[in-house]
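Below, chain A partners chain B and then partners chain C, in two separate complexes.
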Partner chain A sequence: MAPHRRRSKLIGWIAPVTMVVIWQLSIVTGLIRFRYFPTPVSVAEALQTLISSGALLENTAHTVLVALLAWVIAGVLGICLGLVIGLSVPIWKGIMASVDVLRSLPIIALIPVGVIIFGFTLKLEIVIATYAAIWPIIVNTVSGVHQTRTELLDVGNMLRMSRWERMRKLIFPSSLPLILVGLRLGLGLSLVLTVVSEIVGTPQGIGYALISAEQALHPSEMFAYIVTVGIVGYLLNSIFLYSAQALSPVERSRESNPS
Partner chain B sequence: MTTQANTDGIVYQLRDLSVNLRRRGQDRQILQSLNFEVRKRECLSIVGPSGTGKTTLLRALAGLIPVEGEITFQGQKLEGPAGDAVLVFQDYGNALLRWRTVKKNVALGIEGRIPREESRLRVDEALEIVGLQKYQDSYPWELSGGMQQRVQIARALAMKPQVLLFDEPFGSLDAMTREGLQDELLRVRSLHEATCVFITHDIDEAVYLGDRLMLLSGSPASLTYELDIPLTGTRSQISTKESAEFLRLRHQVYEQMRKAHGAAPTTE
Partner chain C sequence: MTTRTPISLTKSGIRGNRRHHDGKGVAPMIGLLPIAILLVIWQFLGNPHSVFFPLPSHWWTAIQGVEQQGNLWSSILATSLTFIESIIVAALIGTSLGIALGSIRWGGKALDPLLDFLRNLPAAALVPAAAIVLGTNTKMALVIVVLSSIWPILLNTRAEIQNLSPVLSSSIINLRLSGWHRLSVMIGSALPGILLGIRVAAPLALIVTLLAEFITNLSGVGALILSAQQNFNSAEVYALLVVAGLLALAVNSLVSAIEASVLRRHGPST
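Right after this comes the complex of A and B.
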């Protein structure tokens, strides 16, 4: 099992490494000739300069903190709203159509609205990212609650559990796998929208550094930031999955028998 | 109304009980004017073909569904789950909490209601009765079906209920496991002296486990037959099931079932 898994992880590296090598070779050999298209080597050099100057760390810290803050707000609000909507049939019937319309709106189209309300501020970033992250969390929490088995609710009835006990001991834990799916989607969206609102306005963070590098005609630096966003997204997702599995026995069971 | 005196020795008293359930927007009558009682410490088997409403009857006894007519439980009108009657569901996979260990599943009905130390003792005791102490820290999905059903039985036992209601508890288990659990149930009953209502579509099982048997059939379903099962002594899978008495009783039930249905009953 273990060596097999290690091998499949190694196989996963083949494609990206090959791509980087082809990228480097095609520029060095003059196969593609764009003036502002840097080689991977010069991107790596730019990355190193940015790391040693501290700019990369500062910008990354800003973006990650904002994305996480927005995600936490969206998580708390989204789970609470999702539970309420999921538990009450009248609220669910009354509100779900609006939820579906609102979450279908491309969030990027709402950024100008946010700019008018909040200006180019930190608040803008947080509101936009929270707004983006909250929908998958709400929708998945609602489905989680709706998928609670009637047997389980019967058990709660039979044991004469209070509403609160039912929620805490039966409904919430049985919805947790889907809530985690919502949180994971929300985390990705939160990071993306944080970067987007930095590109559009807020003068801080990876997004702003990226667009500044582009405008200052420093393509290597710009690519260095793009690579950084990719790595940050990958790491956040991995950390999330790892902690979910460490904390929840049900997630571990899913891991061991993927049925 | 009945006085306290003549409800002694009677756990459940059903008077003209009917149940209507709403399915796909239509009311359908499932049970029609049932009148019977459940006596203290007996094991009452209720048999009937699949889909007759046996589970509905048991859910009514557990106080989980609204009924017409009257159910009296321990001398009082039943309005909602009584707390002293515990239902063991057929679908153990969904009745157990996947995210809790065996030990914590068994504690579900008593945690926070009795002192922690006592709760721990009762959980240990219940796990010992069903022979699962070694698995107390496993999760239900790590166990076999038969073991999961034992966890559910232990959860019921930990509550020390007056009445255990079994809804085809061994219906989805293989024959070997099922026979093992039947004997385990007899043993548990001899230790706990609880009243049992046991629902099954398996006539052998109903006769083997019951002190009394009732046949539920028709649509809407009603009680069409009642039989005392005077099997004496300790019951055993081999000798009891080969005894002339067992075969005679089994024969009688089959005949009644056939009569009620006008066709050979299937054992499914």
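Right after this comes the complex of A and C.
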């Protein structure tokens, strides 16, 4: 098994490396001509400079911490609200349409409202990222609870489980796969919206560094930050998937939830 | 289950799971009540001079002001055009690439890491890059919206092709289907995945369209929101937020309607 596995890992590197080589060659040979399109080599150089100056680490740490904080808040609130809405039919009837309206508001249009209320502060970043991340978590928790099999609830009745026991031992574990999907979507959104609010206003973090590099006409520095955001997103997603697999064997790979 | 129950071929019918609650039902309209009540309270108990929370009636006056300046409808049109063009281009490229990548047997392992990386790249980070490389124009917006909304379509199409039922893929081989016939069978069987991908991609495309306008000040609803915010005209910001929300609502219902009509025509069993 081991050599096979190593080979499949190597195969995974072929496509990205090819792409980078094509990118480099097409600029060096003049195949594509854009004034501000850096070569991968110059992006790597910029990345190195930013790493050695410490700016990259500082900005990345800020963005990641804010994104994670917002995600944790959204996760706790979202799962609690989702369980309440999912467990009670009257509450579901009375509130779900409002949830659907609020979650389909384009989050970008909400940022200016946030700016007016909070100004360009850390609070703005956290509130915006939390707001964006909470909806998939709520919606997936609700549908997770709704998809609990009736047989399972019958078992609960038969064993005379209390409400709390039923919830902890039956409903929550059976909705966990969907809740995890919601948490994963929320994590991605939280990172994106943290970066967006930094691009738009808050003068800290990767987003701000990125937009400053653009305005200073330093494309290679800007691309270095873009690569960083990509790597951070990829890592957060992988770490989450890895720990989710440890928690629950089923992780639906399809992206079933728009928002 | 009694023996008299006919076996239905819907997905849940095959699995035979009884669910606690049919979560697919559309939430009843009465659920809008909390928002309505909130707005009424806001209108009657809110502070009419508040900078942060202007009264809903002031939003209406603000949006009329924008309309009189003549920017409102042209901005909505610009945003809608960018959105529609992008989603069509994303659907065409995403479906073709998805079918192509799904048909290559070794494609999964070789391309997964790259696709995963690209898909996780936040669209927001790409907007400034596209602006500096391509300049601030509608072509830039198109590129950026397509780049960020193509993934759900591409990946769902690819998954659908990779999970093609063995019967279907062996029939393709046994009947020696080639060219158009083969392609049309593949598209037909991937249709639910393609449509799901488009449904996921559409709201994303609208958000990125607004974002591109917002960050680069390209004319559209996003730019209107930006200028309202920069002028600290909060009533106008709230009003434009409602406009953006209505756009999103229109997009969602349009996409659902298209999905329903396509699936009805081509049968639900694929």
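Worth pointing out:
Quick note on the criterion: the second predicted complex is superposed on the first by the 239 of 259 C-alpha atoms of A that agree within 3 Å, B and C clash if a C-alpha of one lies under 4 Å from a C-alpha of the other, contacts with A are read in each partner's own complex, and residues count from 1 in each chain.
Keep in mind that, in the parts below, contacts are C-beta pairs under 8 Å (C-beta built on N, C-alpha and C of every residue); 3 or more make two chains touch, one makes a residue touch a chain.
Keep in mind it's a predicted model, so treat the numbers as computed, not measured.
Taking chain A as the reference, the larger set of touched residues comes from C, when chain B and chain C are compared. Within the superposed three-chain model, A:L210 lies in touch with chain C and out of touch with chain B [touch as defined at top]. Contact with chain B, but none with chain C, is seen for A:L159 once the two complexes are overlaid on the shared chain. Look at A:I27: by the touch rule set out above, it reaches neither chain B nor chain C. By the touch criterion defined above, A:P173 reaches chain B but does not reach chain C.
Contacts of A:V181 after superposition: neither chain B nor chain C is touched.
By the document's definition of touching, of the two partners only chain C reaches A:I95; chain B does not. By the touch criterion defined above, A:E151 lies against chain B and chain C together after alignment on the C-alpha atoms of chain A.
In the superposition on chain A, A:A133 makes contact with neither chain B nor chain C.
Residues 149, 151-152, 253 of chain A touch chain B in one complex and chain C in the other.
Residues of chain A touching chain B in their complex: 149, 151-152, 154-155, 157-160, 165, 169-170, 173-174, 176, 248-250, 253.
Considering their complex, residues 17-23, 27-35, 51-52, 106, 109-114, 116-118, 120-129, 131-134, 152, 155-156, 159, 196, 199-200, 202-204, 206-207, 210-211, 214-215, 221-222, 225-226, 228-229, 232, 234, 237-238, 240-241, 244-245, 247-249, 252 of chain C touch chain A. Every residue of chain A that touches chain C in the complex is listed here, in rising order: 8, 11-16, 19, 34-37, 89, 92-102, 104-113, 115-117, 142-143, 145-153, 188, 191-193, 195-196, 199-200, 206-207, 210-211, 214, 217, 219, 222-223, 225-226, 229-231, 233-234, 237, 253-259. Of all residues in chain B, those touching chain A in their complex are 59, 62-64, 80-81, 83, 86-87, 89, 91, 94-95, 97-99, 101, 108-109, 112, 139, 141-142, 159.
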